[in-house]
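Two complexes follow with chain A in common, the first pairing it with chain B and the second with chain C.
Let's turn to the complex of A and B:
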């Protein structure tokens, strides 16, 4: 009797054990791949940070490990913060980005409200058109825009960038705002209409507060895109006084044959700081905006 | 009484109907005014420039006379441009496949670990996507730097000989792809993770009861549920990667010997730096048919997804 039950019991335990072992293996594989990929994903920024803390002499010294700083210093950062040109890059970026974000949000919230809630002739076609323009890349448009901006006399002028950046931000922001507005129940605007609200009051008092997470996500998107824009400033801006951060760091901090690598990396990190800070504090909104394009649309 | 009622009813309804019509007309007027800025942006800054690009591409270098398809002919005959076509296609397809595969793998791994740890890992893995690519590519450039490459330093520890990252054409191509995959894979990971979370748990339970292996669960439950989002993400990324400019400009600037140029960087070189605006416009217009085909499929995928959700 006992001789026949023991193998059965063993069979059951064996099966349960293998299931648990399989789970454990899956978990180990998961953590291993996450650790390896996190190292790879974070290596370049970390290496930039390490380099930015080195003196020029230490960067030039090739005997030690490049992944170690023997005498960390902030002198590269102080040199940049005392550099008038670098401060100008920052101010230009801030000026252009703030103007573009404000412009974008006004245009896209108004348009999304009209397209999502107030059906009119051609509104469906226009919504599709918004999505299609989102798919048109800036590298397809920069040459004709170069001619157009040049014709307006805005080449080599930061305000010229304010004119063209909406091509990068408006379509996507409108698109995700249409999605957010569409998720607001119809009863809410019927109630507002019965209470005698006009369209502007309805947008301002109901839609904007209710869709606030979407508005934050769209604002973050517009901010990061305008801050990181590279094609347009590279094409349109040639004098350092008008350059925003991205192109300023890439073109002006690289001089001659001996690169000041420490300063270059410090400049790149400082330029990347605003989007990274926003990401660190508003990660959930950031990700919501990122995934909204495909999940809401 | 009944007559009176019948007589008064239409009288109430008639003004009501008229005001409803007036209301609707007023509504569409307001709506049109609200979309006017959007129409101005799309029309003035996208549609018109796109049409203008076609016009520009048919002019001669000094933009004085019409030469039809001359610019396109010259480009197609040039050896350099044929390499640009090859490199753009090779770069976009390889990079997107790698990004999608790595992103899918990471999303899966992230989905497997306990939920309270996911946020932290997700936050770390998304960092490459957050840094403006022109700036992070500077860091990569410094890591690839031939005399003092920190990547080669690590490879040397494992007794692997130094790699001439940006000096040799094929290694330069691979370097550009590595940087693009590093930058773009987190985006795929986030999209796929969102999609994975939307697959109902009951489907996996049912599959487990039916004795499905983990491979079968992936093949017959996860993939069919995510098919649409995978295709939208891949197609969208194909557009962005195809039109990429930042990474090539900062990392190789087209070199060595113009062999790593993609459409965007070559259009920039020809159109802005060399001052041949019409030919530059022609180069960037080569992207258009490919992008239009991809856009068609993206739109179809999005519409299908909307119908599924409705």
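Let's turn to the complex of A and C:
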């Protein structure tokens, strides 16, 4: 009898063992690929940080490892923060971004609510059309937009950017918000209608609070696009007083073929700080917003 | 509070499909009316048209004497309870209930009074500060009802409110809804596909099928005097048996003759009613509870017959026996002490006082 039971037991152990082994393999592979991608992603910012802590002399010195800072200094940062021009770049970026985010959110929340919820003739086609405009790259759009912005007399004016960036942000944010609104059951609007709400009250008192994660995700997107925009300001802004951070740092800290590497890196890091801070605080909302509909059915 | 009238109400969709085909219905003040029928029969569409959530394609709907065809839901003075509760997830129970009153600019003190009174009626006072996600299904349904009650509307509309609850809670909430109606007495229109809910709650039941009203009446009337084959089969559980048979006249008396020759005598008081159909093929309808073993107290107009059970289901308080007779399924309700065996012929009694004869060409009960 024992001869018949032993092979069965071995069979069970073998099976459990193979499952555990498969899981271990999966974990190892997952960790390994995560570590590799983390290194690839983090290497540039770390290199930037290290370079920003070096003096110009040390940057130019080819003898040691570039990954080592022998005498760390904050002089690049102080130089930038003491430079009125750099502060203006920062303020220009902030001004444009805040205006763009506000404009984008007002337009896309209203548009998404109308397109996603108010079901009128052609709303489906319009919604698809809005998304299609997002697929047109800014490198293609800036030429005709130059004509338009020029015609409005807003060339070389930071407010011109406020007019132009929404062509990138509004379609995508509207699309996110349509998806998010679609995940809200229709009985909720019907209950609100019966409770006595009109469309604006329904949007303001029900949809915006319920869709807050989606709205935050869209806000972060609009913020990132606007803060990091490069093509449009390069094309439309020429005088340093109107420049945002992205082009200001590059155009003012590169003189001909002289690169102020330390200050460039310090400037880029300082410019990256606001998005990093915002992502860190709102990450959970961002993920919840982007994955809405995937889990809510 | 108000009466509700539907006159020739039609709902047609693009492509000409009619979900509701010109129904007429008068609902009295304080009445509890249940619309019941299989899915796709038009009952929910009818309710949504009364609410104003669906436009009507033809006819008139009046609430309290005013035609509301073109009045938006918020001005119809109705309250609705949805199947999935539709509570506002970001608001507390209190705010959910107060929302409608706040929008209508009621004074704070009045809102507070009404919300607390509704919470007391529904026994949800301790939950007022909670958010909907911290509530169980039954509690959410109570809040949804509370939201309707505080408004003190002319009409309550319920759209399958118990379908998302488990069986036990459903029975409990059913009683709860009935109690609430007895307290507040608001005219109520309730949609369900569950005939037990319809029978237990309604003052009058409206049976709908394929977009038309088959019959309207108090539950007992629908049970005892169905007008059509559909109503006869839909109301009652297990469903009524429909056995193909002929009406035959023999020396002044009438008999129902089943296809295998079993002859059941028609009670004298029904002879005149059925005589015009003598010699015709009909459907003999009899409920399982009226096809039973010979242990009954009422001995009048019993017709004996013998059938061989295929399946026996002991339920405790009764036993159901299922037979196959010439391709037709037949169910009988037996006393649990009756020794019934599969494959062994069983002596049964048909209560001919309770039978129904259906004209198979019109599906109408004769």
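Simple rule for what comes next: the second predicted complex is superposed on the first by the 252 of 297 C-alpha atoms of A that agree within 3 Å, B and C clash if a C-alpha of one lies under 4 Å from a C-alpha of the other, contacts with A are read in each partner's own complex, and residues count from 1 in each chain.
To be clear about the criterion, a contact is a pair of C-beta atoms (placed from the backbone, for glycine too) under 8 Å apart; a residue touches a chain by one contact, two chains touch by 3 or more.
All values derive from a computational prediction rather than experimental measurement.
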Would you sort A:93 into first (chain B), second (chain C), both or neither based on which partner it touches? neither
Quick check for you: in the superposed arrangement, does A:76 touch first (chain B), second (chain C), both or neither? neither
Name the contact category of A:195: first (chain B only), second (chain C only), both, or neither. second
State whether A:219 touches chain B only (first), chain C only (second), both chains, or neither. neither
Which of the two, chain B or chain C, is in touch with more residues of chain A? B
Quick one: is A:187 in contact with chain B, with chain C, with both, or with neither? Answer first, second, both or neither. second
Identify the partner contact of A:148: answer first if only chain B is touched, second if only chain C is, both if each is, neither if none is. first
May I ask you to decide whether A:210 touches chain B, chain C, both, or neither, giving the answer as first, second, both or neither? second
Which residues of chain A touch chain B in their complex? 22, 26-27, 29-31, 33-34, 37-38, 40-45, 47-48, 51, 59, 62, 65-67, 106-108, 110-111, 113-115, 118-121, 123, 126, 128-133, 135-148, 163-164, 166-167, 170-171, 174, 199, 224, 227-228, 230-231, 234-235, 246-247, 249-250, 261, 264-265, 268-269, 271-272, 275-276, 279, 283, 286-287, 290-291, 293-295, 297
Which residues of chain B touch chain A in their complex? 27-28, 30-32, 34-35, 37-39, 41-42, 45-50, 52-53, 56, 102, 105-106, 109-110, 112-113, 121-136, 138-140, 142-143, 147-148, 150, 153-154, 182, 186-187, 190-191, 194-195, 198, 214, 229, 232-233, 236, 239-240, 242-246, 249-250, 263-264, 267-268, 271-272, 277, 280-281, 284-285, 287-288, 291, 294-295, 298-299, 302, 305-306
Chain A-facing residues of chain C, complex: 51-53, 72-74, 78-80, 82-84, 86-90, 99-100, 103-104, 147, 151
Contact residues on chain A for chain C in the complex? 185, 187-188, 190-198, 201, 205-206, 209-210, 212
